[in-house]
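Each of the next two complexes has chain A plus one other chain: chain B in the first, chain C in the second.
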Partner chain A sequence: MSILVIQILNSLFYASVLFLIAAGLSLIFGVMRIVNMAHGTLYAVGAYVTAWLMGKAIALGVPLGWLFLLLPVGAGVVALAGFVIEPLLLRPFYRRAEEYQLLVTFGLLLILEDVIRFLWGGMPITADTLQDVVPIMHIGGLVYPGYNLVVIGIGALAAIGLWAGIYRTKFGVMLRATSQDRRMASALGINVGLVYMSAFAIGCFMAGLGGAIIVPSQAAVLGMGVDALILAFVVVVIGGLGSLQGALVGALIVSFVRTAGIQFFPEIELAVLYLIAAIVLLIKPTGLFGNA
Partner chain B sequence: MRWLRERSKVQLAAVAAAVLLLLALLPPFIGVYQTQLLTYGLIAAIAALGFNLLLGYTGLLSFGHSAFFGIGAYTVAFLARDAGIHSMELYILLGLPISALLSALFGYISVRHTRIFFGILTLALSQVLYSLAYKLFWVTGGSDGLRVPRPTLLAGLVSFSGPGSFLRFVNSYYYYVLAVFAVCVVVMWVIVHSPFGKALQAIRDNEVRAAFLGLRISRFRWVAFLISGTFTSLAGILWVPLNGLTTPEILYWPFSGEIVFTALLGGFRNFSGPIVGGIVFTYLKTYAVATTEYWQLLLGVVLVMLILVLPTGIVGAVSRLADRLKAKGKS
Partner chain C sequence: MTILLKTVDLRKQFGETRACDGVNFVVHKGEFLSLVGSNGAGKTSLVNLISAHLTPDSGQILFEDKDITFMTVSERIKAGIARSFQIVNLFDGLTVFDNIALSIFSRDGKAGKIISLAEHDDDVRRETLEVLGQFGLSDKTAVLAGGLAQGERKLLDVAVAYALRPKLLFLDEPTSGVSTHEKAQIMDTVSSVVRAGTVTAVVIEHDMDVVFRYSDRIVMMHEGAFLADGTPDQIKMNKDVANILLGVPLSV
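Showing the complex of A and B:
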């Protein structure tokens, strides 16, 4: 029984991180119609920056509780990168065919992967001190890191925050207007360029936050972004590209299937996920919640 | 006007024959390492040629062509290990139908979509194969991959054992690949200039009009996918004996990205673009890897610059330059 509880918590933990990555990917596609292949790598950047900052902070003797403040800082750095990347790299390509847009983000992926290698080297970086700050829980007779609950909480907060931001604020209205008809929005006086830049930066922030919250429990390693991107693709394909609910439901489905897979069919766990994605695309091409 | 068209065909054949002759004469002058590298380049060119039937002629961007390269490679590895076959001809003869079958299956699923969804669907399907190759290690060797010994060529007439066999293999295999490459180019040329190829281009340029002309669009796309996948598989089949080893890396999706890169580098709107792209990319990557630890960065920058400055690729840029010079010469 307690094993079941732990497995459910594990699923929710993965779902939180996956949701953050996939929601950013989906937001960027929803507003800008670009599938950002570098998104997973931006998530990796978030993980590396956070782990590196934590190492520095611990060396400086910062009280451990304060380390939590570094999580949004790590995500913020990625958002700043987004503010630079969008006007510099993506803006010249909005009028071009989507093959080119896809390939530019693929080029960005190659570049960022090596920037990470250049800045932090090939060795994994850990930041598990933060995990030890949160007391360990006892479920049945088993111990479980309390930090995972913090991650689940952050994931839930991010989902609520994003939903409120998109459906309950003026900026959200502008975002949705731009997403539906770029030229009309522009004619109504919306600064479309700024909306694009913000949407991309928010997407980057979400990916960076995903990386920041996972790094205390899993070390930042090279290639983590490339793996994460594929899972995020599976999430948005199941849920529907450009849909927030879709990203949430997709992340939950993928996480629960993965947890069950690791338990019962570890050899084909990933294959099953890709097959689910392919089947959803076949039956409902726009995903469960997509309407594009 | 007819004689003009005929003449241009003859000219083209002459140019192709000259290039082929040049390629055939090269090995004694460039040494073993370069010969080997050029073989890799020709193989990459075959893969890109197949890929480009979809991107350049049908307008479908596949991000999962690593699957077909890997199908070819792993088929050879299984034939060598489990069936004890060590003949290159048998690899090709047995490998092609298997690849065609799997390409047909993948195509049947993928061509129901176009644009971005087609790309993601091909990517997802290729990753099914990747994760199977990675996880089912008792079948595929997992991340260690499978070794493939040097096969015999020409129905066992040429075999490689004993001292100096590596050198002999590299040289003979170069000519073997060159011959297959020439056949591939001719076959692909015939395909894209046939009524079938013209129909594909019509579908690419205007799907609705093509449908009104009575073309069964998804059927055409399916067949194009089948041919494309089979060509790329053939490249995988040829690649394994030269590499001596196949690992799940060639099924992983960044390898699909490299195939796309290759076609773009040469120029996907030209017939010869992917061929040039395949050879240039092989050299570019080899030298980038040799000179810097950060070769991915270099490739990424080249890719972005390419899209910004040379969207028609090397061949596109050269032919535009040639046109401009010609126009200047006339005036």
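Showing the complex of A and C:
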């Protein structure tokens, strides 16, 4: 019984991180119709920056509780990068065919991977001090890191915040209008360039936050971005690219299947995920919640 | 009567076709003006030129005595010119409420309050509901625009343009493709907001019954130029107009 509770918590933990990454990917696609190949690497940047900042902060003797503040800071750094990347790198390619956008974001992926390697080298960076700040829980006779519950909470808050931002605020109305018809939105006097830049930065913030919250429990390592990108693609294929609900449901499906897979059929755990994605593509090519 | 809009020798040519052949168009403040003529007469081109969806080859457009010839679409919206299109232009994935609210706060440019809750902004909410009430859409606020019937879509389309609170509102065939009953509803609504003195309307319309019933003044276009200009009674008496409406070629 306690194993089951722990597996459910583990699934929700992965779902939170996956949702953050996939929701950002989906938001960026939904608004500017760009599949951002570098999205997973932006998640990795969030992890590296946060881990590095925590190392510095601990060395400076900052009280451990304050380290939590570094989670949004790490995500904020990635969002700032987004504010630079969108106007400089992506904007010149909106009028071009999709291949160009895929190539330019793939190029960005390669560049960012090398930047990570250049700045932090090939060794993993850990930030597990933060995990130790949160008390350990006892479930049945087993121990479980309380930090994982914090991650689940942050994931839930992010989902609510993003939903409210998109469906309840003026900015959200402009965002949805722009994503439906850029020309019409601009004819109404909406600053489409600013909407694009903000949407991309919010997407980057989500990815960065995903990296920031996972790094206290798993070290930042080279290649983590590409692994995350692949899983995020599975999530959006299942849920529907461009849909927030799709990202949430897709992240839950992928996480639960993956946790069950690791437990019961570890050899084909990833294969089962791809199989689900393939079945969704066959039955409903737009994904469970997609419509375009 | 105060002149609101004036074009001076406005010209636009597409290849050999003269869509606008030296048009001197005057709109007076507070009037309900209908622009009529057969297909290809240049009505939509003239409206496109005035709303900056086309650039003139030559000529000048004056709005409230200011030269707006080189202003962009959004600058002209800010100056007070709004329009609807022949094809309904709505955000189908947004609710009826949001379609109107979007017009209102993109008009106001309330960038500082951009993250505020749209529904909780009392001014926007009140005005949105007021506009929806005027257009008889009060019970549809939470419906997606894509789920409306054709007549309601036309009404909402006009309401979106009206919510920009223009001084001059162009409506391109607001009653095309809707039932006779809905035609009357759309035109009654437009006419009542014009009569309330808040807006001046220029309507492109094919249904001559509608045109004669609602217009203060009618301008007839033919081959990119004005053929007739007058009150409904004057237009009814005009022989050239009658010939065109009956499909008789003009005697040159």
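Odds and ends about this structure:
Rule of thumb we're sticking to: the second predicted complex is superposed on the first by the 292 of 292 C-alpha atoms of A that agree within 3 Å, B and C clash if a C-alpha of one lies under 4 Å from a C-alpha of the other, contacts with A are read in each partner's own complex, and residues count from 1 in each chain.
Here is the rule we go by: a residue touches a chain if its C-beta (ideal position, glycine included) is under 8 Å from a C-beta of that chain, and two chains touch if they have at least 3 such contacts.
Every value quoted in this text rests on a predicted model; they were computed, and no experiment measured them.
In the superposition on chain A, A:V78 contacts neither chain B nor chain C. In the superposition on chain A, A:T169 makes contact with chain C only, while chain B stays out of contact range.
Within the superposed three-chain model, A:I214 lies out of touch with both chain B and chain C [touch as defined at top]. By the document's definition of touching, of the two partners only chain C reaches A:I190; chain B does not. Legend: residue contacts after superposition of the two complexes on their common chain; A:Q180 is shown touching chain C, with no touch to chain B.
In the superposed model, A:Y274 lies in contact with chain B only, and not with chain C.
In the superposition on chain A, contact of A:I202 is made with neither chain B nor chain C.
Greater residue coverage of chain A by touch, when chain B is weighed against chain C, goes to B. Judged by the touch definition given at the top, the superposed model places A:L53 against neither chain B nor chain C. Shared interface residues of chain A, touching chain B in one complex and chain C in the other, do not exist. In the complex of the two chains, the chain A residues touching chain B come out as 35, 37, 89, 92-93, 96, 98-100, 102-104, 106-115, 117-118, 226, 230, 233-234, 237, 241, 266-271, 274-275, 277-278, 281-282, 285.
For chain A in complex with chain C, the touching residues are 164-165, 168-174, 176-177, 180-181, 184, 186-190. Only residues 55, 61, 63, 109, 112-113, 115-117, 119-121, 123-125, 127-128, 131-132, 134-136, 253-254, 257, 260-261, 264, 293-297, 299-301, 303-304, 307-308, 311 of chain B touch chain A when the two sit together in their complex. Every residue of chain C that touches chain A in the complex is listed here, in rising order: 73-74, 77-78, 89, 91-94, 98, 101-103, 105-107, 109-110, 113-119, 121, 124, 164.
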